[in-house]
Amino acid sequence: MGSNRFGEIFCITTWGESHGPAIGVVIDGCPAGLKLDVSMIQQDLYRRRPGRNPHTSPRQETDELQILSGVFEGVSTGAPISLIIYNVDVDSSKYEPIRDLYRPGHANYTYEQKWGHFDYRGGGRASARETACRVAAGAIAKQFLAHFGITLFAELKQDDQFQSRLEAAVAEGDSIGGVVELRSSSLPVGLGEPVYEKIEAKLAKAMLSLPASKGVEFGSGFRAAEMLGSEHNDLFTMGESGDISFASNHAGGTLGGITSGLPLVLRVAFKPTSSIKKVQQTLSRGKEKKELSLPEGSRHDPCVALRAPPIVEAMAALVLADALLLNRCAKI
Amino acid sequence: MGSNRFGEIFCITTWGESHGPAIGVVIDGCPAGLKLDVSMIQQDLYRRRPGRNPHTSPRQETDELQILSGVFEGVSTGAPISLIIYNVDVDSSKYEPIRDLYRPGHANYTYEQKWGHFDYRGGGRASARETACRVAAGAIAKQFLAHFGITLFAELKQDDQFQSRLEAAVAEGDSIGGVVELRSSSLPVGLGEPVYEKIEAKLAKAMLSLPASKGVEFGSGFRAAEMLGSEHNDLFTMGESGDISFASNHAGGTLGGITSGLPLVLRVAFKPTSSIKKVQQTLSRGKEKKELSLPEGSRHDPCVALRAPPIVEAMAALVLADALLLNRCAKI
Amino acid sequence: MGSNRFGEIFCITTWGESHGPAIGVVIDGCPAGLKLDVSMIQQDLYRRRPGRNPHTSPRQETDELQILSGVFEGVSTGAPISLIIYNVDVDSSKYEPIRDLYRPGHANYTYEQKWGHFDYRGGGRASARETACRVAAGAIAKQFLAHFGITLFAELKQDDQFQSRLEAAVAEGDSIGGVVELRSSSLPVGLGEPVYEKIEAKLAKAMLSLPASKGVEFGSGFRAAEMLGSEHNDLFTMGESGDISFASNHAGGTLGGITSGLPLVLRVAFKPTSSIKKVQQTLSRGKEKKELSLPEGSRHDPCVALRAPPIVEAMAALVLADALLLNRCAKI
Amino acid sequence: MGSNRFGEIFCITTWGESHGPAIGVVIDGCPAGLKLDVSMIQQDLYRRRPGRNPHTSPRQETDELQILSGVFEGVSTGAPISLIIYNVDVDSSKYEPIRDLYRPGHANYTYEQKWGHFDYRGGGRASARETACRVAAGAIAKQFLAHFGITLFAELKQDDQFQSRLEAAVAEGDSIGGVVELRSSSLPVGLGEPVYEKIEAKLAKAMLSLPASKGVEFGSGFRAAEMLGSEHNDLFTMGESGDISFASNHAGGTLGGITSGLPLVLRVAFKPTSSIKKVQQTLSRGKEKKELSLPEGSRHDPCVALRAPPIVEAMAALVLADALLLNRCAKI
């Protein structure tokens, strides 16, 4: 078990609270012999970092990564890789005025009910801060995948109105949601395992473990429910190289839960950020009706999906790295 | 690991191919002392069974369940519960004519690539036949949940045109997809674990492990991406009983990946059945272009989603039973 | 979890009670492409079977194995392999007279305390009957290992007095213990994982999961505690083939928890059979002092260790098969 | 998986090399609400620390522990507890002269074969340094157990000649082995799970995962192999409090792999320290015969078993904490 753990062979454990001294991740099962480019990890952390544009949280997270183990002379040794990021610019005092209030859309109510305590400071383990560790570990998984020619790319789906909706929300002290789409390069055929470890099943778990995510779909996804079988089926054709290929990719890169060789395509829905500047009605722990206004200077993104692409890439990379290793055991 | 295994504490392992002598499931971790009503298991199997209406596969699956272990005098003993269902009415000979053809939308290509063999008969482990075992195990999980007052109900979402679309597809030898929605009764607060074992993450994995499923969403789901935070946040209110409640349930029964006490609401998208009577272009294993016509008398559903509700219930029941047990370890 | 499950990649789940209709095992993770000789499985079952010599239990276990899934045309497919053995010659009525007595050395007291019920018939899951499933699964693991040139051999250590001690015990209606030693052929270097998955750690768990086992040791084992470092260290030497070898094998085939290439050597201590014909003082569930005499015609071995060698081989085979697969993920 | 992970519910992951910047452990699954006394953790670390007496390694390990997460106001929160110990007094330069030599009894040969690299400095993950993390995590597990009235005590078994043998070994630049015995207070009945998760199986894995351990036995252990059933069986008797008790404890506190209520008794055999001052014959990586003399000032214990008691206690505590939590799921 271990609910802060993800993956089977290529397996990570993350720890740390947004308002504690540090956060970190231990990667257990990264194969030996992987040359690691630390600057690429740092770069993904930078992509995820708040404060990069006018509409992400201004919290200054320097996110300076330290590697404490598992890497010797730039190469993975087979030992667990321990990464640590110290929290800086942490100021819990701003939360004092709202310390006893249940925050709509937040985990503080359910955490209190489950564990019997109430950490009024940032979101603890529920904070998006935790995703920095996913990104760091995912950046290593990406380098592992790159060794096999696999790349991943995620981006926020933005229609024409996205920017104006975002600005309107900011102006109102409100927030909006968004959908992030991930696409991979062509994949090796055979990743994923039946029945319960289908590649979509693993990816779905990965994506729904992200804070604020509310849905995931593959290929045509929910639209497939409205299609005919004769439309949705990706017909087999001969590729240019004389290999078997497909005439379309409605399935999003899988067949029977196993990668088919086509690019993986998935989309993740993110709800609007729960923390908004707008005043909201709520209850206190004492069950009194209260108004919740976020403290002056508290820092939140008007759209969590803006920062989600590197996190979605990271989770997909972790799943694929794991599946790729596991696939080595498929045949005698 | 074990890719035919699902769950941590309340844990199942399924086995068996659609064209082998039998299929079965071993439930390891069902607590002792659960009174079991076998007829309720049989009833769920009956709900899943094909041949019940004009538009499901006419295969005669009698689905007579035998309990081989783990139950003594009608009560679970704590030992693994082994259930077996013998396959009857299996006729593999019909598949002879298409034994060398890759079937669009099917797993036979990816299975062959992964394991190096090709079982031309039914779908092997990829067959929907396997879901009978999920239903049987899920029926036991449901009885466990019922002990704690939890009930689940899934149904196919049918708009006005569903029936006519279905009939048109049948007439054309084609198939259609569908969306199944699951709702629970009120749940205990506190089920699910951060960070990677959020209740949505576990449920998402469960649902995307189902054959033909292509997406899952919770509460407002993908629509949440278009909402404002002030709309989506479920405000805390005082319930009639003096308990904390919520003014809405956009989140679908969770907060921070932990059940909030509200009913769970999720939807699963199923693609149209891959096997269709319509002729399709495909390739043979020898890479020749071929036409694929399903053998006369082969049996397929024009809409897999029709039979999915008891399977979706079963998977949700397995996840919730597991989460409920795990939650016993949350506090000292 | 799943306490009836063993192994990670090559993973088994066993089920069934000694007095139920059948016992069985599901092997999940046997690589595809393994040619299986069923008669070899049956042969190991026969080695384990009671009634083969005057001093093993006369219960007639025919142990006819059926393969229900996972094997197609004599070759493993990658799908779970389900094996079933029907129980025959089961007569629970003999246990009626002692149904309320706690049996010294048996699990019925602890099982009752843990699960709240009391199965007075054979030992349920605690019965040695369960080990037939280990032997069947282990026989498949052995065939997997044989593919890589690895063989295992276990035997009961018998000093000059063993036979006379055994006969004396039989004459007195008593029982004796024994030590089983396992030796492998040379092994590939590199099996086992630091830190908690050392090959000895996995093997120790495997051996101490056997009914009646009370200890395990590797190489010089407990005697190593009395040796000097200069005696115990196995010095590196050049082997005949120009490869690195060792001057001795005090370590029993491992270094730092990883196989060194030398044969594995371990010994398992088995306590004397708990069920004896001699009258014993005990308590009833009502806490009354009672005398326990085993029912006329009840069947027990005077020395469980006599039948243990194929079971010890099976458990070692399962551990090594798993370690061999896992080792494929060690390097990039 | 994750080979640096131990435990299921109460689950730890350790990381760090003896010659890296730090070592650490993440405890995932410690229930919320446990009041933690940090000084008790530090005290166990101090017991394990070298340099405490004339015959343990003089390496100065200050072992100052920092808690980075999971504890708020002195109480566990349910979030992962991350502990870090910085390595000080690390001097790898002494190892330069022997950097290419295979060291008898050490893991550097097998590690090199498995992962393809060679860390000539301390033992990396194979170093006894790693056990500091086990002790720290185990100290928290002990506090959890203490909450339920369970205590553990381990000590080195020393016969009359131990001290003189130790001194003789030191004088010769040699080392000796030893046996550590662990005893618990009375335990709750019911810890441990059949079949593969018997309490002895879990403990055996725990103990054989310790560096230098070569065997484990429970209760009468290997001596049980020489006993009669009528001797070894622990007869049921009425205890003073009117509860069911036992006339003896040959089984070492278990029946059928489940704790019986009696104290747990086990012994672990440790081989003599592999690193000795005495000159040894060995090979270089280039397969040349070489003499290995440990560098002047390198630090090693003449008997690793001297420092093992707190480590054995820690591992037992981790197993029992896990079993105690898991047992909450035994009954409905």
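Labels A, B, C and D are assigned to the chains in the order they are written; within every chain, residues are numbered from 1.
Note that in this section a contact is a pair of C-beta atoms (placed from the backbone, for glycine too) under 8 Å apart; a residue touches a chain by one contact, two chains touch by 3 or more.
For clarity, every value in this text was computed on a predicted model and none was experimentally measured.
S.K.: When contacts are scored as defined above, which chain pair ends up with more C-beta pairs, B-D or A-B?
M.R.: Spelling it out, more C-beta pairs touch across A-B than across the other pair.
S.K.: Among all other chains, pick the one whose mean CA position is farthest from the mean CA position of chain D.
M.R.: Checked the centroid distances; the maximum from chain D is B.
S.K.: At what distance in angstrom does the C-alpha mean of chain D lie from that of chain A?
M.R.: 36
S.K.: Based only on mean CA positions, could you tell me how far chain B sits from chain D in angstrom?
M.R.: 44
S.K.: Using mean C-alpha positions as chain centres, tell me how far chain A is from chain B in Å, no decimals.
M.R.: Each chain's C-alpha centroid was found; their separation is 25 Å.
S.K.: Would you give the residues of chain A that are in contact with at least 2 other chains, written as numbers and ranges?
M.R.: 1, 3-5, 8-9, 14, 29, 32-33, 78-79, 111, 114-116, 125, 194, 326, 330-331
S.K.: In the complex, go through chain A and note every residue touching chain C.
M.R.: Residues of chain A touching chain C: 1, 9, 29, 31-34, 76, 78-79, 144, 147, 194, 325-326, 328-332.
S.K.: Provide the residue numbers of chain D that touch chain A in the complex, in ascending order.
M.R.: It is residues 1-5, 8-9, 11, 13-17, 20-24, 26, 28-29, 32-33, 66, 68-70, 72, 75, 77-82, 84, 111, 114-117, 119, 124-125 of chain D that touch chain A.
S.K.: Of all residues in chain B, which touch chain A in the complex?
M.R.: Residues of chain B touching chain A: 1, 3-6, 8, 14, 102, 104-107, 109-111, 113-116, 123, 125-126, 130, 169, 172, 174-179, 189-190, 193-198, 200-209, 211, 213-222, 224-238, 242, 244, 250-252, 254-260, 269-276, 278, 280-283, 287, 289, 305, 326-327, 330-331.
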